[in-house]
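Structure first, then comments.
Per-chain residue numbering starts at 1, and chain names A, B and C are given in the order in which the chains are listed.
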Amino acid sequence: MKKIPFRVYYIVLGLLLLLSLIISARVGAVPISYEHMFYFLRHPGTSIEEQLFLQIRLPRVLLCAFTGAALSVSGALMQALFRNPIVEPGLVGTSSGAAFGAAVVFVMGKSLTGAWADTLGPFLLPVFAFIGGGVATWLVYRLSNVFGKVNVNTLLLAGIAVNALAAGGTGFFSYIARDPQARSIVFWNLGTLSGADWENTGIVGVCACLGILLSLFYSRSLNALLLGETEAGYLGVHTEKLKTRILLLNTFLVAVATSVVGVIGFVGLIVPHILRLLKSSDNRFLIIGSALLGAILLNVADMLARVIVAPSEFPIGVITAFAGAPVFLFLLIRANRQQQKGGFYA
Amino acid sequence: MLEIQGLVCKIGSKTIVDGVSLSFDPGRLHVIVGPNGSGKSTLLKAFSGEWVPTAGAVTYDSVNLTRIDKLHLARRRAVMTQLPELHFPLSVEEIVMMGRYPHFSFSPTPNDRAICGQVMSHLSIQPLSGRDYLTLSGGERQRVQFARALAQIWEAPASTSRYLFLDEPVSSLDIHYQHQLMQLARDLVKEKIVLIAVLHDLNLALHYADRMIFVKQGRIVAEGAVPGIVTPSLIREVFDIEARLLEDPQSDIPVIVYA
Amino acid sequence: MLYKRNQLWCALPFRSSLLLAVSLFFIACGNRFGDKGNNKQGLRIVSVSKQLTEIIFAVGGDTALVGVDISSTWPPAAKKITAVGYHRALNSEGIISLNPTAVWNDGNWGPQPTIEQLKKVGIPLRQFDGGATIDSTKQLIRQVAAEFHNPKAGDSICDRLDRDMARADSLRKTYANQPPLKVLVIHFGQAANQYFVLNHRGTQQQMLEWAGAINVADTAQKWKNLSAEVIAKSQPDVILATDYGFDLQGSLEKFKQLPGVALSPAAKNNRIHRIEEHDLVYLGPRTGQNVYNLIQLIHQH
């Protein structure tokens, strides 16, 4: 496994991604055959199946890929920053802050913003989710920024505190909510890709691509950071600037995606780790690989979400948890066996 | 050439380094010794640029350290500390390649790869190159870190010196590897690198150093060429312990024995 | 062709997720994109309002129903129709897969993106307003009946409703010489996972008034969390527990153990009764009967 060069991984993952996108476009409560797909793409028309494919299915498949990529890369960044494999992008408060923003909208809705609600229209929820995520992360950052230096341990603790705060806030809103609103909060917290349209898919797509490209730029510095902050400093890395920028990137990637699809956990934790167990902790590999693998896995999860209880929809956050864990355990057990022969994680 | 002028390092109101002036020429192994809390590690940190002094100047070839860009500094100054804790698996060659990071922007050039190869064979760790760092023994790991530091300063720039600082690099190693590492450091002397180490073990220092600097309570007590500089009264003054110097029939370096 | 794919990718570590994707492919192959309904008008309706569902059944239009939301539980036959999800958390693909000619709603549905998607795809959305008062309910019944070209059914249901309401009112009058009963309605909110009392807004308020009872939950909002204070303040003679919440406890004795309930006069006299949610929280063809039954229920000892 370890001897296979990076390029092979990229090619294989790329092909798998293409395959998963095509299959994902086909599968759903309304299955669309491949012939129909090619026909629609070449002859735009107005049949319901075609409109479904072009307006709902396609953007959803792409949104799923972008979200999976963004969350996974985010996970890789956070794990490099904290030098700890159990770190998730939600650790610094972004997901729970976004969830809180969403809860506010569900419960207080128009009464909160008055005239603004009309201008924002369908963007009310994503905007509030984004603000919530951003504020939570900023709070965590400020709390852990002592004398201009970001202390990674304090970052962890501050993240726990802010997460608890946001969860408490969301819990409060759930409590005072009427039953339908409370149910909306629950559904949003489990994540769903059903709201995909070209507009929000475009936004998430652009942000995801931008974020991932920028992350690649920092991959070398993040590698150096694996040796420790002091060592990275000796290698010429400006560690303070790096930490701030990685935090910003993380917020950018996670908050944008979460504000559109809700909270989908576990992806950022598992995907980089699978790659690490398969090949290497080199951050450039992890970032590219996570983007590809995350897009693939989230699409598989979404396919399941659309099919298991069709015509209803199963919450995707539950699937990522159920599907991710066994794969992870399998790899971990295999790694343990290798370890007895002097393999990884000695 | 590394020159220190009136260096003062303080944390809050506590003075750790109190007015030190020294110079270090390339081509000799300089070793700084002193009891715990004497400020020797802080000194090294000030030399390497990690610690910004409260007062005084550190100059590299007559250029003040504060005026040197962090990346350019990394191209000619390497530091080796006690083994850093690594939590993720990385191969040996990936770690050695990190030494070349200050030298390339996106991808390593063939030159970088060649240098890594040379460094690894110089330290006899070529067979380990594909191995996972976490599976190595302490001695092997230290050699890998040494290789990384060497890779950082392997190329000799035209007009400036290269600097290698070793901050207690052998404390966690067993005797065989302690000597192995110090010998490797000693071998660099002919490369005209400014070589400064901080050591705990006086005998080890005596055995390999060209020059020793004795530090106590943030001040230089004495410094000079080995073995002349070391006397029992100096050891008593600095370390507060009685010692004797025994002659070794097979070498002109004495052995320190403690009472 | 599929066979070759399996063999080719078999050796890779991702084969488990790939196999999953491939099996999904097979599952997907099995689905048909909808049959044409056997309704003579070619109508295929998805109803996301429990009130509309009941009325559709009452006017005989149920053969046109291809999908309902999960809260459409009356009549029992409604539960056999394909469920499309919770009316506030629908997904458009599921609805579209039923190939509907229209989605009937009462304006209280979502989420907004799903509504937008259905519009984009071109599925007609029919919003039916009203149904919060007896008069607007009768109007709604007639409107739905007209949709199915069955005005007679609409009229007869409305007449029946009027007669039932009158009969219920007579029954109420027979208890007029007694002081009105103080009633508290306890409901279970599944999403919030807690018990609520239903207050003065909402259909249950009207139902209780028609039954000649007083709703002693005291605030003007629709819901309030059940607590010992609420019970202490209201001191109900009778407690009505909606079906899901009652069944969650299992028995009268267990229900009494909810916060404060045991201290109420209702509990002390064992006047805690189970009532079906769909008989209480919206108006429809059976409202007259439901009020009649309600009066009998609350006066039961």
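What we mean here is this: a contact is a pair of C-beta atoms (placed from the backbone, for glycine too) under 8 Å apart; a residue touches a chain by one contact, two chains touch by 3 or more.
Predicted model only: the values in this text are computed from it and were never measured.
Separation of chain B from chain C in touch steps, taking the shortest path, is 2. Core chain by CA centroid proximity to the global CA centroid: A.
Relative to the C-alpha centre of chain A, the farthest chain centre belongs to B. The largest tally of C-beta contacts between two chains is found for A-C.
The geometric centre of chain B is 77 Å away from that of chain C, both derived from CA atoms.
Distance from the chain A centre to the chain B centre is 44 Å, each centre being the mean of its Cα atoms. Chain A and chain C have Cα centroids separated by 36 Å.
Not a single residue in chain B touches at least two other chains.
Interface residues of chain A facing chain C in the complex, by the touch rule stated above, are 12, 16, 19-20, 23, 26-31, 46, 48-49, 51-52, 55-57, 122, 174-175, 177-180, 182-187, 192, 194-197, 278, 296-297, 300, 303-304, 306-307, 310-313, 323, 327, 330. Touching chain B in their complex are the following residues of chain A: 2-3, 83-85, 220, 223-224, 226-228, 230-231, 233-238, 276, 280-282, 342-346. In the complex of the two chains, the chain B residues touching chain A come out as 48, 50, 70-75, 77-79, 81, 84-91, 94-95, 98-99, 101-102, 106, 130, 132, 134-135, 152. Chain C contributes residues 12-14, 16-18, 20-22, 24-25, 27-29, 31, 33, 67, 82-86, 88-89, 91-99, 110-114, 116-117, 120-123, 189-192, 194, 196, 222-223, 225 to its touches with chain A in the complex.
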